[in-house]
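In what comes next, chain A is part of two complexes: it sits with chain B in the first one and with chain C in the second one.
Let's turn to the complex of A and B:
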């Protein structure tokens, strides 16, 4: 028996809710990566969307040329892209230490243009399909909606990545160093900790998170050189809403914004592409520091 | 004294340029030089990185296009309407964005501009993907036919000259001095009793209004307003022009705009056409890493050292 909820069939409502949750999972993982990078480098990584795209392309390439399937790519694509990120940090971003933070944003913006422009030139701007692994094809009928296994997996995998990041930061020695590096890098250096190395690793980790999201996205959205270019702006808005202070803040805000966006698609489809920006504006008026921010 | 001679030479060059160079190219250059100079007001002198100036440029372009094409307003009035609309939009976005500083300001302006972009995609009056085409150029003061490219060029030159004069007056006024003081040390400016937020907002509105003037003028020149004008790539381009020319210098943004527009024109006709974004990205990286003062800033530094 299907009863309509608020005038909408439950399949539509829950279907969009699930889509929203998936988008939210991407927002959460991407904004988490941004927060990790911002913490140590004081740079807002504009190239984050391009690196997310690289994760999806790495998945495609690993499968096509090396015969490594989805599950292998889930491990190797973030490692490969993470190493690329480490190279970027060592060669370019490092040179901006001590310069106004705005230049970091501009440098990574330039990098995003270069990376995306190169991929558009090489692969065209139309998407390439990537099929979900056989183990996760199909789905289950929950009665009120049909849940494709892969979509459920994306949400679970994103939450695992966020949980692992939380564990790394809050419960391990290196996490303690990372947090100390965010608070006071010079003092940490004085204690004999190799802060530049820590900074490089933090950038690599943040980039790897972006690439991980890219791998998860490959079977859902088509693999497209510009798949990250509009997404990154939404993620910026999410970061402004939640603040970059806490891991929990990033995850909760990311998921919540995804769900709000999904629900808007049901009730007022025209507004779904702008609703997150509207929320951002409202939050800025009511609570300028962001929902989880500490200082104004 | 030196700068006076420089200006006289520049004016002479600008007056005679269309005899040698294709006037449409020159008009494009002037529009973007104005756009970058307006942008410099907020980044170079206010120290606030707006990543959403395409919203004002593109918004004014649409309003002017609509006013001229559908309402049939005279050209001057159409341009003023678009410019005013950009100012109002600047006030709305500015009021929200100045609540945060530094890096957040950039992200907020970018997000707000993206929202405006999405509104333009779905709004009926913008013509969607096609944009507003065939906007009539009309006449200047009801007598000079702007369909003629030479007439149009001098019309644009007058607009550019007036706006440029306004910008340089603003920068050198007490208001401009306070703005620079806020950029260099906000806490100090606050403690001296200046209402910092009010200054920032006023600078932002002025900058967005003039960016709108550039967008409106561009619509009249090309008889076209499209989504490209409002896309965030446009915001990035104006940042690049300003940075390349020299942040916080009066002529820098115009020089930067000249280099970028000339480069785009040159590349567009060659085999590298598809690589334009990559080339722009590389220039961005080179500017940030190697010469943050920009062409004019580095030149000034060089002259200072040598003499």
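Let's turn to the complex of A and C:
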């Protein structure tokens, strides 16, 4: 009824809802990584988009030079990029512990520009193709739309990653340490827990999540040095809406924003790149800590 | 003493000779500012390659014209009109730049036109495509060299309508260029008896096209026209294949596609795609020889935008050589008088509305099995005569034509 009122057949609307969910899956995995990093390091990781891009390039490189296909890349690319993240944390980010947030933001933003600039220089700005694995080519006709198998897989894989992260943080001993580290790192240190190691691992994990999203994205968009910079601002808005540092908030908001954006693409395509920021502004006015955030 | 005197005399004579040679050259140097996208989405089709191409034109002159040295300066405008305008103003006001070249992205070209008009300097546009640059938005010193949206429409649009593609749905980049391209193609389609059933304007740049592709699918149009460029075109074509739009019988028309774009779509997916080009490296001995030289410097074959930058700078230098002056009005008059004759354009004509009229080509992406090498990507189907591609001068709405 409602759809008839709005002048769009239900098929179109269902299709867009599903597509929104698929895009939301990317937002969820990326904002989850950001939330983990912010929670423990108190750093607004502006390099997240560049690290997501590195995940896609690692996928391409693994296939091209080592003959490791998509499924292997799904495991190895996040590990490789995660190790790169750990090096970054040890060499650079560590030195900013205890100083104003702004420094972390500037450093990671600068890192993003350097990484992206280097890749544009090396590989050009047009990007390179990467095909979906043969097992996931083709798709299924759902009646209201044609769903490529690969896009369906993206949602499944993203939900698995989010679920695993939730389990890790909420149900395991390491997770308990991590949460304690967020609350009071000094006290935790006094109990004999190696907090600096914990922070390093948390950053590595957050970066690996970004790279994982990069692997998932490689067959969908072309592998392009600038693929992250187009996405990162939106993902930040998602994190702000969900509440900085909230794991559940990041996932739910990610999916919800994907859907809202998808619907805007039908009703008012020109506004689809701004709608998330409108939501962000409203949320900031009504609930400054975000939908799921605790007041600081 | 006598020796000293004669030395002084010969020195001053030499100085006089030198100054006579470049008396008409302002500042004693011809300075060309290449303002392009060095870091963002258009840096592969224009970018550093365009600066290299401009330098190749300078090298052909041995680095000197009318006795004065030629200097190329390059800056990154990041596809932002305000950055471009500021840089152009700074170059013109304080660094003695005589002409601006390349200028990809319509908004950039229009912003630099404003500066060029105030400073009475030449703007040699290569990368920006919108036809308004030589119509409503024209300026007396703005020259549009490589192509425009009208030519793209005439080439690809009419070829597709002729093959039966008579109903169109557009995916249009939401800025001046996308709109110009959609308008020009719509005119061609409607004139040929086809109809436009709708359009979706997408943000520029956009990374996900699935939603727009689904809307295009629901429209039932035979042809999905992509009034966008660069990564947007690539992502739209990939999404169309992924969502089975092509398999279901709808056809994709890429209205502005460049060689690097075909490479990033992958020839397997892109094969059969028709496109209108101003230049292809493998057309004749001259283009092959020039492109080979370009390849040695950059590791890539040139795009039309890069080749066009070379041609525009070369023609500019030829006019300075012929007149012995770099005065804008003198050079411009000479540039209009001489035919444009180089590896890019054969008997090109520079019109008073700023349009450089030359032949364009309808090309098709080869199947991977037809290709003999990494860069063997296109086959030329038809030469579109300049007059047909760009239309007669009487059609131009430029007020100063």
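In the analysis below, the second predicted complex is superposed on the first by the 282 of 296 C-alpha atoms of A that agree within 3 Å, B and C clash if a C-alpha of one lies under 4 Å from a C-alpha of the other, contacts with A are read in each partner's own complex, and residues count from 1 in each chain.
Just so we're on the same page, a residue touches a chain if its C-beta (ideal position, glycine included) is under 8 Å from a C-beta of that chain, and two chains touch if they have at least 3 such contacts.
Only a predicted model underlies this, so the values are computations on that prediction, with no experimental measurement involved.
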Please tell me, clash or fit, for chain B and chain C sharing chain A in the overlay. clash
May I ask you to decide whether A:106 touches chain B, chain C, both, or neither, giving the answer as first, second, both or neither? first
Considering only touches as defined above, state whether A:270 meets chain B (first), chain C (second), both or neither. both
If we overlay the two complexes on their shared chain A, which of chain B and chain C does A:194 touch? Say first, second, both or neither. neither
If you stack the two complexes on chain A, which partner ends up touching A:172: first (chain B), second (chain C), both, or neither? neither
Between chain B and chain C, whom does A:278 touch in the aligned arrangement: first, second, both, or neither? first
Taking the superposition as given, does A:117 touch the first partner, chain B, the second, chain C, both, or neither? both
First, second, both or neither for A:22, with chain B first and chain C second: second
Where does A:237 make contact in the superposed view: on chain B (first), on chain C (second), on both, or on neither? first
With both complexes superposed on chain A, which partner does A:184 reach: first (chain B), second (chain C), both or neither? neither
Offending stretch of chain B which, after superposing on A, collides with chain C (from 8-16, 62-70, 224-232 or 278-286): 224-232
Footprint overlap on chain A, where chain B in one structure and chain C in the other make contact: 117, 120, 230, 270, 273
Show which residues of chain A lie in contact with chain C when the two form their complex. 9, 11-12, 15-16, 19-20, 22-23, 117, 120, 124-129, 131, 139, 145-146, 148, 150-151, 220-222, 224, 226-227, 230-231, 262, 265-266, 269-270, 272-273
Which of the residues in chain C end up touching chain A in this complex? 39-45, 47, 174, 200-203, 205-208, 210-212, 214-215, 218, 230-231, 234-235, 238, 242-244, 248, 260-261, 263-266, 269, 300
So in the complex, which bits of chain A are touching chain B? 38, 44, 92, 95-96, 99, 101-103, 105-107, 109-118, 120-121, 230, 233-234, 236-237, 239-240, 270, 273-274, 277-278, 280-281, 284-285, 288, 296
In their complex, what parts of chain B are in touch with chain A? 49, 51, 96-97, 99-100, 102-104, 106-108, 110-112, 114-115, 118-119, 122, 232, 236, 239, 243, 274-278, 280-285, 287-289, 292
